[in-house]
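What follows is a group of structures, each given as structure tokens.
The same chain A turns up in both complexes below, where it pairs with chain B and then with chain C.
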Partner chain A sequence: MQNFSYYLRLSLHNIKRAPLPYALTLMILSIGLGVFFSNATLYYWMNRDPLSEQSHMLFFPRINAVEQACDSCLTPLRVLSYKDVQKLSSSAIPSAQAGMFQSGGYARVPNTQNGPTPVTIRVTQRDFFTLFNAPFLHGQTWADNEARMELILHYNAALKFFGRTDVLGQQLLLDGELYTIVGVLENWQMLPKLYDVNNGLAITPVEEIYLPWETAYNLGIKSNSTTQSRDSRNYNENFAVNGREGEFYQAQFWVRLDTPAQQAAYRQFMDNLVASEKEAGRHPRPNGNLLHNMLDIAEAFNERNRQLDAFAMVSVLFLLVCLFNASHLSLNRYMASQFEFSLRRALGASRLQLQGQLLTDVLVNGVLAFILALLFAVLMLLLINQLLPATSALNNWQPGLILLMFGVALLASYLVTVYPAWRASYSPLNQQLKA
Partner chain B sequence: MISIKNLNKAFRTELIETQALRDIHLNVSEGEFVALTGPSGSGKSTLLNILGTLESFDSGEYLLDGQAVQGLTDRALSALRNEKIGFIFQSFNLIKDFSIYDNIELPLRYRGFSSAERKQRVEQALERVGLAGRRSYLPGQLSGGQQQRVAIARALAGSPRILLADEPTGNLDSLMARQVMELLEQLNREGCTILMVTHDPEQARRAGRHVQIVDGMLSEATVYQPLAVNQ
Partner chain C sequence: MSFTLLIKSLLRRKVITALLLVQLALTLALIANSAVLAWQARQLANQPTGLTLSNLLRVPIKPTLPELRSQPALGDLMERQLSAIRAVPGVVSASWMNQTPLLFGGMNGNIFVIDKQDTTNIGMVPYQLGSVSMRETLGLTLLQGRWLEETDVDTEVIVLSEQLSKQLFPDGEVLGQQTSAGRVIGVVSDVLTQRYADHQNYAIYLPWNMQSADYGYQLLVKIEPGQLDRVREQLPAVLKAVELEVDIGTLQSFAELHRTLFRSETGLAALLAVLSGLMLLVAMISAYSHALFHGVQQQKEIGIKRALGASRPRIMLEVLTESWLTTLTGAAAGVLLALLLQQQLSKVLSMPALPWYLLPLTVLLLLLCVSLATWYPARLATRVSPATATKTL
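What follows is the complex of A and B.
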């Protein structure tokens, strides 16, 4: 400890000796790290596994069930129809399953002066909350998948409409329909929102209101994201009366398959389903069954954000250039200290003791560079959020991420320091000490 | 104290090889004051550097205080320098922006002494060279002679077995040079073994023993009446 405090004092003394070259070195290192941190933050959020305990068990099945014949159409649509979801739901293999789609509307508390407020809605089934680990603060999910005028609120929505969260049994008017609140979620987020990747909505917040699937079809509620209609009649009018039976493709369907055996069995179920449909004279297109795991979903729907990938690559290259430049400046600084290294060695410092000094330099540089780099990273994230507004949800730093960035700053500082210091400390002793 | 047999050292470049030291034999006993003289480029500083383990040698044998130097690890060599050798350089080699106290304390830091012991040793060394009141001065605030006395204090603070001095008065005027020589003589009288490189015949004569080096070869020039130990 005594040695460390001495080394620390020497490190600070060395900075004071040549503040300008040191500031330049630190600035270059910090800019490189700051750009890297900002892009690494976005990259981390876009590529992390939001449900690490169960993501390997969550799957998105797709069947090629469009009713128009097309022998060359091998790939299913990105979305499913109500009928597709019904057919897939007939399997007892999954331990949980839910059809769903995103919608939007206007809501307000009845018998108040407050005007309607726009809200995001997820139309879904009871297992949604189990599938994606959405925890309840009050109440619980619906008892079954039947239609009912009951909704579940997100924590933020409860606060937005009522200013509190214990609102079970309260009513909410949504697009003119009166619903009873049966559950309030905790302040839950899922980032990236992998259940909505096929709609390109992976970095949007989770929805504010959750409505029962059958109720939504009863009321003619449509998706506000990817939707396909293969019916030539007026879409809005037709959907309202024929949403379940018509060729309206708007739904996602997720299943939980706990074991590889269940996964194989489910694939077999899908094949059997298509075969029986074909026997019944339906499913005119080729069997194009797909079962995507949640972690592969972005690639499967080609929704991986290539811009962020490119930014990440550029930021790594930029960091390398900065490391090289900072190392060059650092070399000049350390070569100017060659005499002192040699003197210390002559007076009895071992190379190990000098390494202790160098590692303290690395720590001091790392800490200073880390703090400055965080400031640069904040500025960079603000700039990126301006250029790519969709990334605004991704600039959050968790303690683990900050710790990782600190580790990167220390490593960068070590790389910038180690070669110059090694060069300076290994010069012939007698040459530096001559008159 | 020092025993050298058949020691050779050459400097090599891609084109030429220069034999700096040839077949050197030298024995220095405890308490001796040896002056090493010779013309420029004769190899006297090279020999001093080898004795101080600042430079390696090609062949031969070197025993310092009975311990073979060749083959020692970096850590062992550093400890040897730190505990047994005190260096006095021609250009003082003080760290300019360190106080006198910090300069003298430097080798003690690597010895593992406690803070209290370092303080005691630094104070004693400053007292011994007559600079007790200048502990917080910077080297640039002292005269050349005073700076060399600080360098001597730094060398003495660790209680070394031998002092190696490379032209210790080379950068000093005659008055200051005399003061530094008197200090070295006094240290020798107190029992300190000293090996000093000098080109000044007068200073060589003040040492107890004078060896000459010419073209890398050593010859015993004169053995003066040795100064009495602990006089």
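What follows is the complex of A and C.
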């Protein structure tokens, strides 16, 4: 310990002796690390697995079920129709499954003076909350998938409309219809929101209100993101029939397949389904069955943020440049103090003791560079959020992430110091002392 | 001064020189590629839109009551809002539309020439619904036939954008032709409708009323030059006076929409420019400190040279030449790296090839920065008096 404090003092003394070269080295190192940290933060939030315990079991099936013949149309649409969802949920293999889409509307508490407030809605089925681990604070999910005038609120929506969360049994007026609240979710978020990647909604917050699927079709509530109609029905009239029977595509569909055996069985089920549809003359397009795992979904829908990918590549290069540069500078710095190293060797300090000194230098450098780099990363994040507004939801630092960054800073400072110090401590003694 | 000696002296400091070279090469590669991306973003943002961006305003409207979202109440609401807007001083023209040019999303469909579906089908074309006045509001020029009239409302006639008419009817016979969307009665000039449709200038203009406004609708307002800010401030109050049960979204000028449209490209370009600036700074710092250290180390050598009669400018030239030599060597490697990086980047982004003149230009820029950074240490080195430098000999 005494040794350590001596090394520490020596390390600080060395800094004080030549402050300019040291400041330059430190500055270059922390600029490089800062750019890298800011980008790593975005990249982490963009590409993390939001449901690590079960994401490998969640799948998005797609069938090429558009009822217009087209031999060159090999890829299914990005969204599903009511009929697709119905057909795909006719299997008992998945342990949970739900069709869903995002919508929007205006809600207000009945018999109050407050005007209508815009809300985001997810129309979905009872298994949604199991599929994506959305925890209930009060109440529970719907008893089955039938139509019912019942909705589930997100924690934030409960606070927004009622100022409290225990609101089971209360009523809410949504687009002129009266619903009873049967559940309130905890303050739950999923980032990235992988269940709605195909509409580019991956970094938006989860919805405020959850509405039963069949109710939405009864009332003509449609998706507010992607909808496609592939026939000449009028979907503004009698949506309860047209929306269910027609070729109106707007939904996502997720299933949970717990084991590889179940996944294989579900693939088989999809093949059988398409074969029997083809036999019935309802599947004129080529078989294009797809079963995407949740972790591949952004790639599958071509919804990765390419700008961030490119920036990631470049910022790693930039870190490399800064590392090379800083080690070049610190080599210069250690060469300048070669004489002192040699003197201490001549007075009997072992190489091991010099190594101890070296590691202390690394620690001091690492801590200073880390602090400066964090400051710089904050500035960089502000700039990036300004220039690419889509990234503004992604700049959160968790303790784990910060610890990881500290590790990277130490490693970088070690890499920068190790070769120069080694060179300095191994120089021939007498040659140095002669001068 | 001899190059062989210089190279020998560089080779004596292999590691330092190698570090310097790698860093210079990376810097060059990054700067060259950032420049290309920035240039591409500029090109994208500067392409003609066919619209007068500075005097158009978009007002997104969504009725908050379901009754107001369907006909006939919807049409009535639109008419009331439009006549109130037209009465505001400074307003030239106002129309409703189902979707705004420049904005992604909304109503898209396919279109083909009747009886020629196989050869003419286009998958994704914006269907632009709106009042008859939208031609005036958007400033569309009539190129063929006639524009939509009040008597056409809810009939099967359409007007095509020029780009779309050329694609559907390459032989030029457009008017009176039957398509899956209706009979063509006119062709108007192109505007930038939807960037990610099959072609960004495709558009079909239809005289249909909106059956329902589940996703809201847009009021587009053309304003006299210089009056936009004043009208923008007035409009929310004007619209609220017409009908309270509507949600009025953020009013945006077309110039703002246009900036948003290319924001991810321009954002990335700006970010890379900042990064390139930092890289140049880092390169300059490194050149500066390298020359400074090296100068101190070589004090003795320089002193001897001075004592033997080398002039100051000559010593200066020597120090500078060394940094030029390293920069040029690093830059040569950087040219290769730049091409490699371009290859990698074009895997994630659509990116043009590097133009031939860009690389020499970047090398020149790098050379300039490095010389600038070396100049001061080089001057310090030449100040060494022969007497002090050779004292310990």
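Convention: the second predicted complex is superposed on the first by the 424 of 435 C-alpha atoms of A that agree within 3 Å, B and C clash if a C-alpha of one lies under 4 Å from a C-alpha of the other, contacts with A are read in each partner's own complex, and residues count from 1 in each chain.
As a working rule, contacts are C-beta pairs under 8 Å (C-beta built on N, C-alpha and C of every residue); 3 or more make two chains touch, one makes a residue touch a chain.
Please read these numbers as outputs of a predicted model, since none were measured by experiment.
J.: Using the superposition on chain A, tell me whether chain B and chain C clash or fit.
T.: Fit - chain B and chain C, as placed by superposing on chain A, sit side by side.
J.: Touch test for A:Leu343: chain B only (first), chain C only (second), both, or neither?
T.: Once the two structures are laid over each other on A, A:Leu343 reaches chain B alone.
J.: For A:Ile28, select first, second, both or neither according to whether it touches chain B, chain C, the two together, or no partner.
T.: In the superposition, A:Ile28 contacts chain C only.
J.: So, does A:Asn332 touch the first partner chain B, the second partner chain C, both, or neither?
T.: It touches chain C, and chain B stays clear.
J.: For A:Asn187, using the defined touch cut-off, is the partner it touches chain B, chain C, both, or neither? Pick first, second, both or neither.
T.: In the superposition, A:Asn187 touches no partner, neither chain B nor chain C.
J.: Could you tell me if A:Ser392 is touching chain B, chain C, both of them or neither one (first, second, both, neither)?
T.: In the superposition, A:Ser392 contacts neither chain B nor chain C.
J.: With both complexes superposed on chain A, which partner does A:Arg351 reach: first (chain B), second (chain C), both or neither?
T.: A:Arg351: touches chain B, not chain C.
J.: Who does A:His13 touch here: chain B (first), chain C (second), both, or neither?
T.: First partner only.
J.: Tell me which partner touches more residues of chain A in the superposed arrangement, chain B or chain C.
T.: C
J.: Report the closest approach of chain B and chain C over their C-alpha atoms in the superposed model, as a whole number of Å.
T.: 13
J.: Using the superposition on A, tell me which residues of chain A are in contact with chain B and, in the other complex, with chain C.
T.: In the superposed arrangement, which is not itself an observed complex, chain A uses residues 435 for both chain B and chain C.
J.: Quick one: which bits of chain A touch chain B in the complex? Just the residue numbers, please.
T.: Touch residues, chain A against chain B: 2, 6, 13, 17, 339-340, 343-353, 428-430, 433-435.
J.: Under the definition above, what is the set of chain B residues touching chain A in their complex?
T.: Of all residues in chain B, those touching chain A are 45, 49, 52, 54-55, 74-75, 78-79, 81-83, 87, 89-91, 93, 95, 97, 106-107, 109-111, 115, 154, 158, 167, 170-171.
J.: Under the touch definition given earlier, write down the residues of chain C that touch chain A in their complex.
T.: 15-16, 19-20, 22-23, 26-27, 29-30, 33-34, 37, 62, 64-67, 70, 105, 211-212, 214-215, 245, 247, 263-268, 270-272, 274-275, 278-279, 281-283, 285-286, 289-290, 293, 296-297, 341, 344-345, 348-349, 392
J.: Considering only the defined contacts, which chain A positions touch chain C in the complex?
T.: So the residues of chain A in touch with chain C come to 21, 24, 27-28, 31-32, 35, 106, 115-116, 118, 175-176, 220, 222, 224-226, 234, 236-237, 306-307, 309-311, 313-315, 317-318, 320-322, 324-325, 327-329, 331-332, 335-336, 383-384, 387-390, 419, 423, 435.
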